[in-house]
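Labels A, B and C are assigned to the chains in the order they are written; within every chain, residues are numbered from 1.
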């Protein structure tokens, strides 16, 4: 049992590419830390550096009080679950799990106890005699986890273990992993690109982008108070509406907000679910006049797409983003305005997120 | 075979396969059948009359010490070439599998022996090992080793083994390298995390996963020794001294040159055919799992 | 990976270097020997550095013939080898590709039988049917001829198998589109299939050229005239003389010349060569 601490960790590749640009992080003993971010943000690289599978160019990695920069993976007392499971194809499930223990010279009797116990917990006892090639994806995943838990290591490392499973299995396994970790109380670091997985699993959530940390904290806190526009649009689905504010809008809407009025605020963020469609403005809040462009009814709720300026019909800069000027409103139930109708979308003051013009800073009063 | 989109017409395909079938029939099947036929015959000393003798030629063969010697020579030769050539090829492949600079240059050099004809390779080594003349031969003489492949059967065998191993290094190296690179990197990493240092990883993970390639190469190397070393033997030792390097194929070659016992020579050929069939069958049955992980 | 290897990357480099030395030394020695005078060689006094007789030796070897052990200039022998190798490579590829085409894209009686008939020839290398094949070549009056050198060796199952395997990966839709465009089988082969097969053909060509060039047993048997010898056979004749009389510098020069084309092909077309090797053995 041990915590993991990263101090200003850096990684630069031979060609000069800086994959990790100075990351500091502290994961307490028994905590579940999730590294989340888009492809290429460096989360897997960081995980592999903790594992010893990548070398460290700068900074320190500390596992249980011991600096492990130069320590080989075999000596770090960690266990890892890979995205493609990386089971030993020529060994039975039993031997896959026993391999790590045999390498440490454990007695067969004790190995057997541990393997049987782990197999029982993961419900893979009937498969102990089979080879990985004879198992389904979900079963292999469990064996990979079994291989990790028999070792009783200081830290569990997970590298997108659920990515190769179908959606239903992924949800079921997600819960299993969380329950398992709570039971074993082993410090865990988990990498995923799926923000939903990240939110549901993490004690500590680390949002990464371009080799740097955007925000670290409790998932709910990050959801409620994202520190940058990147975090704001990455965490929470559908993503937060981000609207650039014009000077006059700032003065009018936020007169009285000292910093916002001073002109520091450049971007306004409002989550689709924080809107209400009504006619009376809320004190201190904001009212957006929208022309309804499209409606999506999904049964439990309805997504309303509206534009602020009826004239602006540009295309979105990036695929997956709303075109500039378009706002998404999420309302419960199935009653919705008609297309072409002009509505008022109201959001209260505490649901407004203000960011600097470059999106890198959150502005609170 | 799976159903394919096909063209209609019967004439064209028959014309297309005609050349290959014709050559196969004339130069493969006909001679093979002749050999089988002749193995059941005995000719008199003048070649005037022939007599059908059932399996007498085969029985005669099995009672000739020379034949057993040839079997022994072939077996020893194969075993030595397989052992040394595979080990060297594997060692070089393992070393080449690290991300080294200049790996292309190494690889370029290491594939050269494959392009050298066995007979030419033989000449290169004769030049080094010829008693009295060759550099290495003289070095051995200076150090008290009485090296003489002309008179010493064991020395002759050592010489041809060295030449054959040299000739086959490239092949084994290339296939082992391909086999090594087919092992998923994550499996090796998992083993490292599981506490296995490099040597242990090699023997418990890499080598077992390499076994299809290894079996495949064993069969290929045996086939090489059986059928492709004629050039080496002919130039280096002539099968001697006293048949010490006379493999089964070389024996067929030599006995046939003498021309006295066509039946016996044919019987030997037929036995060799059976061996090839066995080797090929073995290769296709047991080594076919080579490709998939 | 964080790894503590003693000497770091030194060990692999050392081993590979040793391998290169083992591989290159005999060849190097031959090149050196071909530049020295025979007397120096026979006396065992040859150094490891090039001598000064290179040009003279190669000239004699290739063009003039030295008169003592070789009555034939090696240049002629190289030509024979070249014709044989090119003939075998081209021949094998040509007849195999059309056979594979027929087997994969057509349906005709005895199709599978034909396939197996071709496949079985894999198991009948020339060494297994030496003298009967000689006899029939002789009966067809093909001894001492290019036809005799080439034809008996070109019915290869490996090339057919390779092409068949490759053709089976060609998507059905391609054939159908071609048919809709009005192309008959010959058109399809020429315009579509052949261009697709170029890499395979090139890779196979490298392998087969080397196979053809390095043939020993067959040319040895069926060529007796000096001017039909291939260079690989020529070498044997040169050193067949008792070694006191062997002109080693000529022998080594001949060896170098014998090695040059196949080694050049392999080195220059490395990637194709490796691909060809791996494909043909699957």
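Keep this in mind: a contact is a pair of C-beta atoms (placed from the backbone, for glycine too) under 8 Å apart; a residue touches a chain by one contact, two chains touch by 3 or more.
Treat the numbers as computed from the prediction; the structure is a model and nothing was measured.
Q: Could you tell me which chains make contact with chain A and chain B both?
A: C
Q: With centres defined as the mean of C-alpha atoms, identify the chain lying farthest from chain C.
A: A
Q: Between chain A and chain B, what is the gap in Å from one C-alpha centre to the other?
A: 58
Q: On a C-alpha centroid basis, what's the spacing between chain B and chain C, in Å?
A: Between these chains, centre-to-centre, one finds 16 Å.
Q: If you average the Cα atoms of chain A and of chain C to get two centres, how far apart are those centres in Å?
A: 59
Q: Got the chain A residues that touch at least 2 other chains?
A: Residue numbers touching two or more other chains: 52-53, 72-73.
Q: For chain B, what residues touch not just one other chain but two or more?
A: Within chain B, residues 189, 192 contact more than one other chain.
Q: Two or more other chains in contact with one residue: find those residues in chain C.
A: Residues 1, 3.
Q: Spell out the residues on chain B that touch chain A in their complex, using ranges where they run on.
A: On the chain B side, the touching residues are 184, 186-187, 189-197, 200, 204-205, 208-209, 293.
Q: Which bits of chain C are touching chain A when the two form their complex?
A: 1-4
Q: Spell out the residues on chain C that touch chain B in their complex, using ranges where they run on.
A: Result: residues 1, 3, 5, 9, 11-13, 15-16, 19-20, 22-24, 26-27, 29-30, 33, 41-42, 44, 46, 94-96, 98-99, 101-109, 111-112, 114, 117-118, 121-125, 127-133, 135-137, 140, 151-152, 154-155, 160, 168, 172, 175-176, 179, 184-186, 188, 210, 213-217, 220, 232-233, 235-236, 239, 243, 248, 251-252, 255, 258-259, 262-263, 265-267, 270, 273-274, 277-278, 281-282 of chain C touch chain B.
Q: What does chain A use to touch chain B in their complex?
A: Going by the criterion above, the answer is residues 51-53, 72-74, 76, 78-80, 82-84, 86-90, 99-100, 103-104, 147, 151.
Q: Taking the touch rule as given, give the residues of chain A at its contact with chain C in the complex, in rising order.
A: Residues 52-55, 69-73.
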